[in-house]
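To keep things clear, I will list the structure first and then write my remarks on it.
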């Protein structure tokens, strides 16, 4: 099942640069693992913001939740999840 | 996977009573079928409104969508769907 | 009477891990007591968030309030409560 | 249990005057019955609007819902209900 | 003139318990004085929140403002005030 | 007591011009009466909209409500009223 | 450049079935053309609603606008467009 | 003084094509006049919507209002106006 | 040109009393100067809040901005400005 | 492609004056560079706020994002970006 995941990064601007970079590197690494597992399919940057919109796929919201909570930045992420239904045009039948 | 489904019924007040009753009866009948299939698990009335909050279960949002669109009142329903993840307290393991 | 309770946990990310775990354990314990009393009936995780949606039952909003305030995390919880009316389909008569 | 009930009257301005007056008279009559039963305790007009705020008392949201739906204007009323908990200052004990 | 006063208490969770209790006691005392003066007529707790809804009466918004600012918790209260007009049903004439 | 009154005019664009002009003339006439009584003190147009912001004075919200409902356009006006408290700078004393 | 396009279909429920089906067929046909041109890349149904979320690609917002206005349902579509920036993880370089 | 003017065109989809085209032509003509007078400086289309964002210049909000109301589509336009202050970087002095 | 200026004062409750009083006194003094210049015409308190609504007059938004930024409390003020157009009833002509 | 960029500056009021001035100077310098590159075309101040509205031009949202993130104040800027489509009146053809 696919989900649209909107995520605002609330890491305070006063966070020490090294800590920020450490978290960023760990985040990128974890994201690559989720891509490899087919959980994270596309990721876009919201222009002008420290925020992303992502296309995720998971068996259900519980698996998605665990994946999102496994992100190192999770404690500072303000996330909203939208469930996506397959459109008839993409069900092959229509 | 469970979903919380909020539904406002926009059937105009000027709808002829027989038409309203026909739709209501058909709606109740279809709802019973969905209950029998385990898709509709609980349904509450929002006090003071022609609106409901329902607990649904479906394989994914696509199956849920088809179930909701199969309701006779669907053309007049203003629906928002929230995905629900299983809470650790209810995962049996925690 | 049943209530839908939406709760966002605002415990700051900078809270020391031991303190967070202590609160979590106490929260789980108290939640189990509320389940035993039939006050907390179902609890879901909002995917991607440190937030829950719960189905509660209490005599009235006052009893519900006391139950919610008895949760160890209460000072950091941003809670909204929605009253639920029994739907005709579940009143046994229809 | 007490509830705060906000109600906007969406009866169209083009409603024939006699029909409007008939509904108003029936509404006042029904309101008096609800007052007599102790369900409707206080009613205020929102200044400048065809809208009211009411203090209601009912066993639960289901009973409140039935009372509100018994109002002749119900089909045109856009109602939101807020549950009220007794404040410690008014629990007699404090 | 009557007013509906919604008040969210933003006193931080980290406030030392004695300070919190001192403020609470002073708040209750002041509230009793306002009740005695007929300014505070009813007070409800918003279930699940450190927030209240109150029915106040004052000559005008200026007198109401002074009464609300006289509350010890005022610096931490996020208050919205709604003016209430007397409903024809309660004007004695209708 | 002073009030800030925001009013959107929802008279449909398809209203016959003569009817619109009749209502406008009657509205202007009634407004002049309210000015003469000191109820309507200032009136501004919201640029680009068929809407106004007005400064009104009345004994209380009930008197204000009656004044606003006496406007010929009242059935098509979507009005929100804000109570205004006298600022210390304008209380003469400060 | 990629865009996220949210579209609510406001075609009234009272639209004659043949007209609705004619529009739907024409819409599907036009959508296939846009897919062939690489403008429409992915399309999802918002569960429970006559609404879609689409991933589009166009040189700029002007080209996107023309593509969206070329849809037969365009007069009844309530569309909001969000610009998407390429995320560092998908820029090949990171 | 410059203003940012956001305008949603609510002309119903069921408007006869000739009437729509007549209004459009008249709108374009009036817009050219406003450009010639330096009142309308820039105009953009909001992608996917029958809506525009415009940069206007007028002595004050009253002159702007009259200019906007002179547009043939004015009765169907839902307009919001934002005042713009000159930024220090564009005041020549900074 | 007239403007309606809504201003919420976010000065933290924990600000030392002397600092608060110093700022207040300086604010009152500056406000009197703006009144003398005809820039600040009326000022109301929003009941229950550390917030004001003011009627200002300035040549344009740039002059208004400079006046508002000259207020000692400016760094803690959350201000929204609404442009006001003269209503036909107050243009002397109508 | 043109974009409308709304930016609220959340730099805390308690920021030391020198730090604030250093950032401001660097911001002005960077803005001039963006103007020279044709990326920043117009910039307005939102009256009464530490906020701007800007007209930007970039190949796409990715290039715009990089430009905005290159601003020294970026970590404290709360930015929303709106894509702008060319209006027929400004396409030269109409």
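By written order: A, B, C, D, E, F, G, H, I and J. Residues from 1 in each chain.
One rule holds in what follows: contacts are C-beta pairs under 8 Å (C-beta built on N, C-alpha and C of every residue); 3 or more make two chains touch, one makes a residue touch a chain.
As the structure is a computational prediction, the values presented were derived from the model and not from experiment.
Asks: Name, by label, each chain that touches both members of the pair subunit G and subunit H.
Replies: Common contact partners of subunit G and subunit H, which must touch each of the two, are J.
Asks: Give me the fewest steps it takes to get from subunit A to subunit D if each step has to go to a chain it touches.
Replies: The distance in steps between these two chains is 2.
Asks: Could you quickly compare A-B and F-H and let me know which has more C-beta contacts?
Replies: A-B
Asks: Through what angle, to the nearest 5 degrees, does subunit F rotate to match subunit G on its C-alpha atoms?
Replies: Subunit F sits rotated relative to subunit G by 145 degrees.
Asks: Cα centroid separation between subunit A and subunit F, in whole Å?
Replies: 50
Asks: Where the CA atoms of subunit H average out and where those of subunit J average out, how many Å apart are those spots?
Replies: Centre-to-centre distance between subunit H and subunit J: 23 Å.
Asks: Between subunit B and subunit H, what distance separates the C-alpha centroids? Give it in angstrom.
Replies: 43
Asks: What are the residue numbers in subunit I that touch two or more other chains?
Replies: Within subunit I, the residues that touch at least two other chains are 3, 45-47, 61-62, 64-65, 81, 83-86.
Asks: Pairs of chains that touch, anyone?
Replies: A-B, A-C, A-G, A-J, B-C, B-D, B-G, C-D, C-E, D-E, D-F, E-F, E-I, F-H, F-I, G-H, G-J, H-I, H-J, I-J
Asks: Going by the contact rule set out above, which residues of subunit H touch subunit G in the complex?
Replies: 13, 45-49
Asks: Hey, which residues of subunit J end up touching subunit H in the complex?
Replies: Listed in rising order, the residues are 2, 4, 28, 31-32, 35, 42-47, 52-53, 55, 82-90, 94.
Asks: Which residues of subunit F touch subunit D once you look at their complex with the stated criterion?
Replies: Contact set of subunit F toward subunit D: 3, 5, 7, 61-62, 64-65, 68-69, 75-81.
Asks: If you look only at subunit J, which of its residues touch subunit G in the complex?
Replies: Touching subunit G from subunit J are residues 1, 3, 59-62, 64-65, 81, 83-86, 91.
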